[in-house]
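Following this line, the structures themselves.
Common to both upcoming complexes is subunit A, partnered first by subunit B, then by subunit C.
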Partner chain A sequence: MGVLRESEYDDAPPRMGFFTDTSVCIGCKACEVACKEWNHVPEDGLSFSGMSYDNTRGLGADTWRHVAFIENRSETAPVDLGMPAVGLPGSGDVRPDLPPGGDLLDAEGKLQWLMASDVCKHCTHAACLDVCPTGSLFRTEFGSVVVQEDICNGCGYCIPACPYGVIDQRKDDGRAWKCTLCYDRLEVGMEPACAKACPTDSIQFGPLEELRERAQQRVDQLHEQGVDVARLYGHDPEDGVGGDGAFFLLLDEPEAYGLPPDPVVTTRDLPAMWRRAGLAALGLAAGVVAAAWGRKG
Partner chain B sequence: MAECHPVGFQWVMEAKARGATVIHVDPRFTRTSALADLHVPLRAGSDIAFLGGLINYVLQNDAYFKEYVVAYTNAATILGEDYVDAEENDGVFSGFDPEDRSYDFHSWQYEGMEVQAASGQRDQQYQDRVAADQKSGVNKAGRGEAHGSGGAAIRGEIKHDDTLRHPRCVFQVLKRHYARYTPEMVEEICGIPQDLFHQVAEALVKNSGRDRTSAFCYAVGWTQHTVGVQYIRAASILQSLLGNIGRPGGGILALRGHASIQGSTDIPTLYNLLPGYLPMPHAHEHEDLDAYIQADSTEKGYWANSRDYMVSLLKAWWGPAATPENEFCFEYLPRLTGSASTYDTVMAQLAGKTNGYFLIGENPAVGSANAKLQRMAMANLDWLVVRDFSLIESATWWKDGPEIETGEMVTDDIKTEVFFLPAAAHTEKDGSFTNTQRLLQFHHQAVEPAGDARSDLWFTFHLGRRIREKLAGSRDPRDRPILDLTWDYPTKGSQDEPEAEAIIAEISGWNAKGEPLSSYQELAADGSTACGCWIYCGVYADGTNQAARRKPAGEQSWVAPEWGWAWPANRRLLYNRASADPEGKPWSERKAYVWWDPDDGKWTGHDVPDFKVDKAPDYQPPKGAKGPEALTGVDPFIMQADGKAWLFVPSGLSDGPLPTHYEPQESPFTNPLYRQQRNPARELHKHENNRLQPSGDEPGAEIFPYPLTTYRLTEHHTAGGMTRWVPYLAELQPELFCEVSPELAAERGLEHGAWATIVTARNVIEARVMVTERMAPLQVAGRTVHQVGLPYHWGPNGYARGDSPNDLTSVALDPNVHIQEVKALACDIRPGRRPRGPDRIALVHEYQQRAGITDTTGTEV
Partner chain C sequence: MSGNEAPVTREGVEGARTGREATADFTTRRKRRGRRGETPMVPEAEFRSYYGQPILNKPVWSSTDIAGYLFLGGLAGASSVIGAAADVRGEDGLARVSKTGAAAAATLSLAALVHDLGKPTRFLNMLRVIKVTSPMNVGAWLLSAYGPATVVAAGSDLTGRLRPLGVAGTAGAAMIGPAIAAYTGALISDTAVPAWHDGYREMPFAFVGSGAMAAGGLGLLLAPSDQRQVPRRVGVLGAATEIGFLKAMEHRLGEVAEPYRSGRSGRLMKAGEGLAVVGSATALLSRGSSRVRRTADAASGAMLLAGSALTRFGIFSAGIASAEDPRYTVKPQRQRLLEQRQAVKAAETSSAVPTPRVATKKPAAANHEEAPAPTVDMWQQEDGMWRWRWRSSDASTELVSHQAYDSLEEAARSAQEAYPEAMGSGTPAGAPEPIEHPAVAVATVVGAVVAGAIRRWRRR
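Then we have the complex of A and B:
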């Protein structure tokens, strides 16, 4: 729970977050709509993207939940028609109650349609929080990262800082906006709007520690069912952002979903950079002194 | 289901999490397919061949649930000698009159008996029973949905062979009928590879029987065909053979087109039904209440009590004015002289025969087949009233519809007076929805509607009130039906909104003392009970709004009887007698649902038994028994005259006793099974704006070589009135697009993200192009076929705008229920945007000419 050591809350509740299990996402986008309705986020674009069923395109100032649709082929081995092709994407095993048989496979693997609801990661080491000069961005008692819109001055430093490309500025008013983990709802004991709306419980909300345990159980279950491609993303406290407050179960490489494979908090190297700069400055100063001293003699 | 019922689909995901196998059969790979265990793509319009293939598989492999079939279906019943199956007659059953394009069903009867249909064309027998010889105009009067199902044996005993070997027993007839629906034939017709077909068949068989059950879920992908009712029948035969009806985890679930469409037939908005599926009376000569009851009631089964239901309905409507002396105001009811179904109404409008039209939450300019025909029909009205949230296309066609752009209509020349009245949303009013499970769920007003918006209840009640005020004191007998109505509903709030609870209480009914009724069994024919809908009797039992109950799942049994209220009698699973064997014991512990308790002398279990509660499994009726008493202890299908599930339908359907593969009205393929290409009894409407295309190997069919199917997306709802004006939904799917395979894109030069023009004999539209592997080419009849997919939600109004795919579809209907065939037609597709103005029509004419289309093309029997 390192993140809460950085802030100053007495009697803080356990850190809360999201576990998004994309293996049960049905792509209904209730999360996108519920988020916009609750937070009065404006509509942000009426144009056909051609990106499968994803006309939202990505997270931004006016999109805080974004459902990605990825049509690709799973990584099963090339097919002979005796090989069953049932089960979740990537699964090479037959479900016990389905007899073996063929499917519409070709040599490139089974057609799959991955659907995933993306959101702000509420990182343990949040670069947006680090770089904000006004204190507008802050860490709540729940461990989430929130922008105080009445303080934000629109400097925009947080935008390039985010390794996931989440936070963004509204063109018309200049301020930075992103998911608040429905801070107002959490304060009265409710779950975020997207988690409430999700019909299949793909979006799960709760104490982060509990979610991480649940997620591991789910991955193990999927592996037992032969869905070897299932993996967690953003769950690991050792990763480049110290683990996410909103993490995921994916059925393919992160890149397939448009997610960075190895996100690093952009301020990670700052201490080392300052040390080196300091050493360089000291070295320079020592050199100047040595030169001046040498002159005297 | 994930596309159209995402919230309901969570239960499929739950079942999957518990080990269920989910198989998705659909021409396209949808969000459902993404989560299913198996996706089976097939050619749109070929499902009867697929289901027939499964039926044949089950019969040939002896994989049916034998004890269930013999005891609970009409498999053993012997048919009359005159019956000739489609198999022996090039695809047409005996009794077909090509002049009338209709069937006389007498040759389909059980040997030695006359069976009245409990559903379907009940009144076919009216002529025989009550009137003298007259050619039956009943087909045209469309008695399709009346009465649910079942029939009456008038005299004689059913002849049956329980060994199922008699050559004329239903079982053998069924076997012969489907003998050529082999896996090879399924592959040829549907494009489903044989090993995939076997996977489905084996999974289905393995998961049916004593210990396991399988369920089918369908929606308009099955009903919107000229053989739509027969699709459902095919599933019904299959599920009856597998013993999946009336059992937990089994059944056939109709996923509806909107939230209360079940309610819209229960308390009907259909021209030919009265509440509770009583038929609307027909204008036969000398028709009175006795004649009506005699024509429509049955001698066995629960329809025998239709006089109780009918009189109670009349008492609800006319209260004290309805007395035994005036037959409870039976003569006040309007009479049918023919079909007033929606498409017949449109044809009448085109012919200038109707003056006015109310469109209440309906947008035919986008949502009905042949949308152009709809708009042109409305231009012939004197007045049109549209009630909706926003200015839908059906309200503005006269000033900015497609025909104004082409010049086919000129605004100044249109004489229709159009009224637009804003409507309240469901959150702004009390009311109820009835869903596919027959479950009533009451909802409460959260906020009063803003401005002039009002609920449909408000509109109807106050319109009636004002008309009554205008007619007050009239001596004209014609005004009595309106003046004698009980119309004293209480109102509330600043807008004088009628109390929905008062109405649901009237629907549920009360006795002469004003006490609420608990069950339709309390209804009487002497005028002492009033009930607005007999199947809903009991929804207000004990003066409590049972439909408003919301006890959480965790606080009650897994059947959850205290969430809402299901008709009839809060029974959650119909025909549940079939969940127990002939001795009354569950088929297995695992699938126990209701069973006979011999010590108590009653049926008991997890649900309300769908059976007379004290009728023992070994009950045999005394001679001459009538009504429900005539059913034995092993007759679970209590709405049927013989108490059995009908594998073969001796009466009630316009187009055959057994589902038979016919090609859609427009198809690039010839029917390989029979010379009869299409449904011979299908309903057509000739009009120069409803031209049909040649099919199969008819000359000109190659001009429209691609099967086209229309469908829905999660983000939009039906004709868009509820979603295209909502920015949060409009931005999710902002523009009309077509879905094509990469192979079709290459063949026709279509570019992903660019535009395509799609043409039929009716019209031409444009759409953005979505090239996707989810539309897979199929191998059908030895050649590759590409299907074109179009979600149909769009129109030119609102935030999300586009052309309307229903501009392409024709009016070609299922003859039983007059539903349009918009799920399977044929088109051409080419790159680029469509022409504007008069050039748009010129392109359509050019295609018609190239295909040699005349006013008779496609109309042959």
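Then we have the complex of A and C:
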């Protein structure tokens, strides 16, 4: 809301965003594929990371959606939901050869496998946009943050400015790239490719206000079911980046997913930085004048 | 299933949080968080990460270009001020050295900046907007005024032509110079890189100190012997300022300052500091015959220049190191959250009576109706292990427990957790749920088993 008023759009559509509910993510990576296909994102390296099912590692210039796989040991075993039986009903002779534990559990029968699809957060207070010296990064009428590739001169300032490590430089091209919230699709009333492709509706797209309500309902529902670890991330307009346009429901601490626990937009401190730089400049001038004062030695 | 006290209760699930660990996490947690809110002090934040992967994308800037740019900007900016001061004092030799040095350094720094762009041909795009939220944009504007001024000042000094323009250039460069030397402190601080951002209070002061040290060094190295008083003072003062503010910064940052002390960046910082100290001492103690003095001054000047450069490379490299290690991103943020929570809790506990954190969940109304409910039953396998089976109300679907359990109770607990409505239908209406005490848990489990058995017996 506020973000759009600041951005000088007279009658903007409601701010749009993502709610990624990781509790129903199945790690299929359809979002990664759909994003690459729609946006013509180049190949991002064919390497084996050894990190569970994740060989993409993190967001970057050529990875705008990234599915993380977290293998957690837990003191409680996962809920045993049962599996279809193969023996005669009630015979008690059901696959007696089945090893206790099964394939997803370690020796103690305790393992939790989390999956989460990460994306650009489209922050309310976006550091990348703030520090971009060319004005290539801008705020769209949907409240998303987009790079104009015909203006970007590849200075790379946005890259270390991002508190989430989202935007990065494409090496052969020199410019910075990241998720556009499928700006082209939004303009013709379509939802972003990743949300469209998500088979479980883990990625939900819509007006941010509505998504926030829906997310609150979902987290309440999970708490009621005893999943106390469920928590929302990036939903709070009072947080260090003014709330994310793309926020998440997580089942563990944010850092376990590679997300910063309490990100703050770096430009929040910029007024203080400028004051100090001004003082320092005056100090330099004064110091040299003082050193040059008096007779020649 | 050993050590699994009461998985059915909400508290049991809750308690699991503290012990959960990412298996591929290479780092250790120094301290486990205590039970909620009972520790009086703020404990040290625990650190976890996603397979040790960095949270941030590290700067893609080349160290030669950008650390070089930081050094050259400081050298140029402070040299311009010395050049103007030398003009006023009538020290032509020093003025020439400083103005020429400033012009050369400014030109080189601009070249480094442009060279580092991904699209160098688009350098001028920085001048299509004026944006104070972007120190790089401000820097581009400053440089585009400052660069020509230094060139005019130096050109006029060297050729002796266009004196009035030269004076204007000298004055302009001297006025913008300090800003050029200082703004780079804001430039690198205005990022999410922990070692840079968190040092924003001291960085601009350390940077002007470093610039003054380099400019003083240049004067000591090249100015005529009778005109080295100003650069000597400026150089030593600059070195003291730089070292002082960097020390203060390292002290304030605590753990985040580690890259300034260890690794490659730490070695660069130490070398820079050592050169600054020895160079300053040499400059101050330079005595004796003119030849000895000349050698000592030149050596001290070279050391001050090199010291400033090494420190800039050290700061640059420390920033990269702090961005590469998720510890420096996560731990301070986690600590901040912990302290906030602690503060909130302290405010709450002063008045509130502790309430049990139990979400009361009502059984679905359908369970009390006549509609057939799904059932669960349990049996012992030949190997002595126990299993349960869930059967849908119309008996079309059967699910058998994934695991085999050591005892009937454990199997019942597992089934209760997975299918409370099937198990719960056997408990008397209005029974407390969820179960809060092991004794109650056992009683309920036994009740559920009996109920299940009765149900099963009835169906036959």
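Convention: the second predicted complex is superposed on the first by the 237 of 297 C-alpha atoms of A that agree within 3 Å, B and C clash if a C-alpha of one lies under 4 Å from a C-alpha of the other, contacts with A are read in each partner's own complex, and residues count from 1 in each chain.
The definition used in the following text is that a residue touches a chain if its C-beta (ideal position, glycine included) is under 8 Å from a C-beta of that chain, and two chains touch if they have at least 3 such contacts.
Source: prediction; values computed, not measured.
Look at A:Cys28: by the touch rule set out above, it reaches subunit B but stays clear of subunit C. When both complexes are overlaid on chain A, the residue A:Val188 reaches neither subunit B nor subunit C. After overlaying the two complexes on the shared chain, residue contacts for A:Leu259 are found with subunit C alone; subunit B is out of touch.
Touch criterion met: A:Arg57 reaches subunit C, while subunit B stays clear of it. For subunit A, the partner that touches more of its residues is C, with subunit B and subunit C as the two candidates.
When the two structures are aligned on the shared chain, A:Gln112 is found in touch with subunit B and with subunit C.
Of the two partner chains placed by superposition, subunit B and subunit C are both touched by A:Glu71. Touch criterion met: A:Asp168 reaches subunit C, while subunit B stays clear of it. Taken together, the two structures place residues 50, 52, 71, 81, 95, 98, 101-102, 112 of subunit A in contact with subunit B in one case and with subunit C in the other.
Those residues of subunit B lying in contact with subunit A across their complex are 2, 6-7, 9-10, 13, 19, 21, 29, 31-35, 37-39, 41, 193, 195-196, 198-199, 202-203, 206-207, 713-715, 727-735, 737, 752-753, 768, 770, 772-774, 776, 799-800. Contact residues of subunit A toward subunit C in the complex are 49-52, 54, 57-60, 68, 70-77, 79-85, 89-90, 92, 94-96, 98, 100-102, 105, 108-109, 112, 127, 130-136, 151-157, 159-169, 173-176, 223-229, 252-253, 255-263, 266-267, 269-270, 272-274, 276-285, 287-289, 291-292, 296-297.
Subunit A contributes residues 24, 26-30, 32-33, 36-37, 42-48, 50, 52-53, 55-56, 71, 81, 86-87, 95, 97-99, 101-104, 111-115, 199-201 to its touches with subunit B in the complex.
Chain contact summary for the complex, subunit C toward subunit A: residues 1-4, 7, 10, 12-17, 19-24, 47-51, 53-61, 77-78, 81-82, 85-86, 88-89, 91, 116-120, 122-123, 125-126, 128-129, 131-137, 140, 174, 177-179, 181-183, 185-186, 189-193, 196-197, 200-201, 203-205, 207-208, 211-212, 226-227, 229-230, 233-234, 237-238, 241, 319, 323, 326, 329-330, 333-334, 336-337, 359, 361, 377, 379-383, 385, 387-391, 397-404, 414-415, 417-418, 434.
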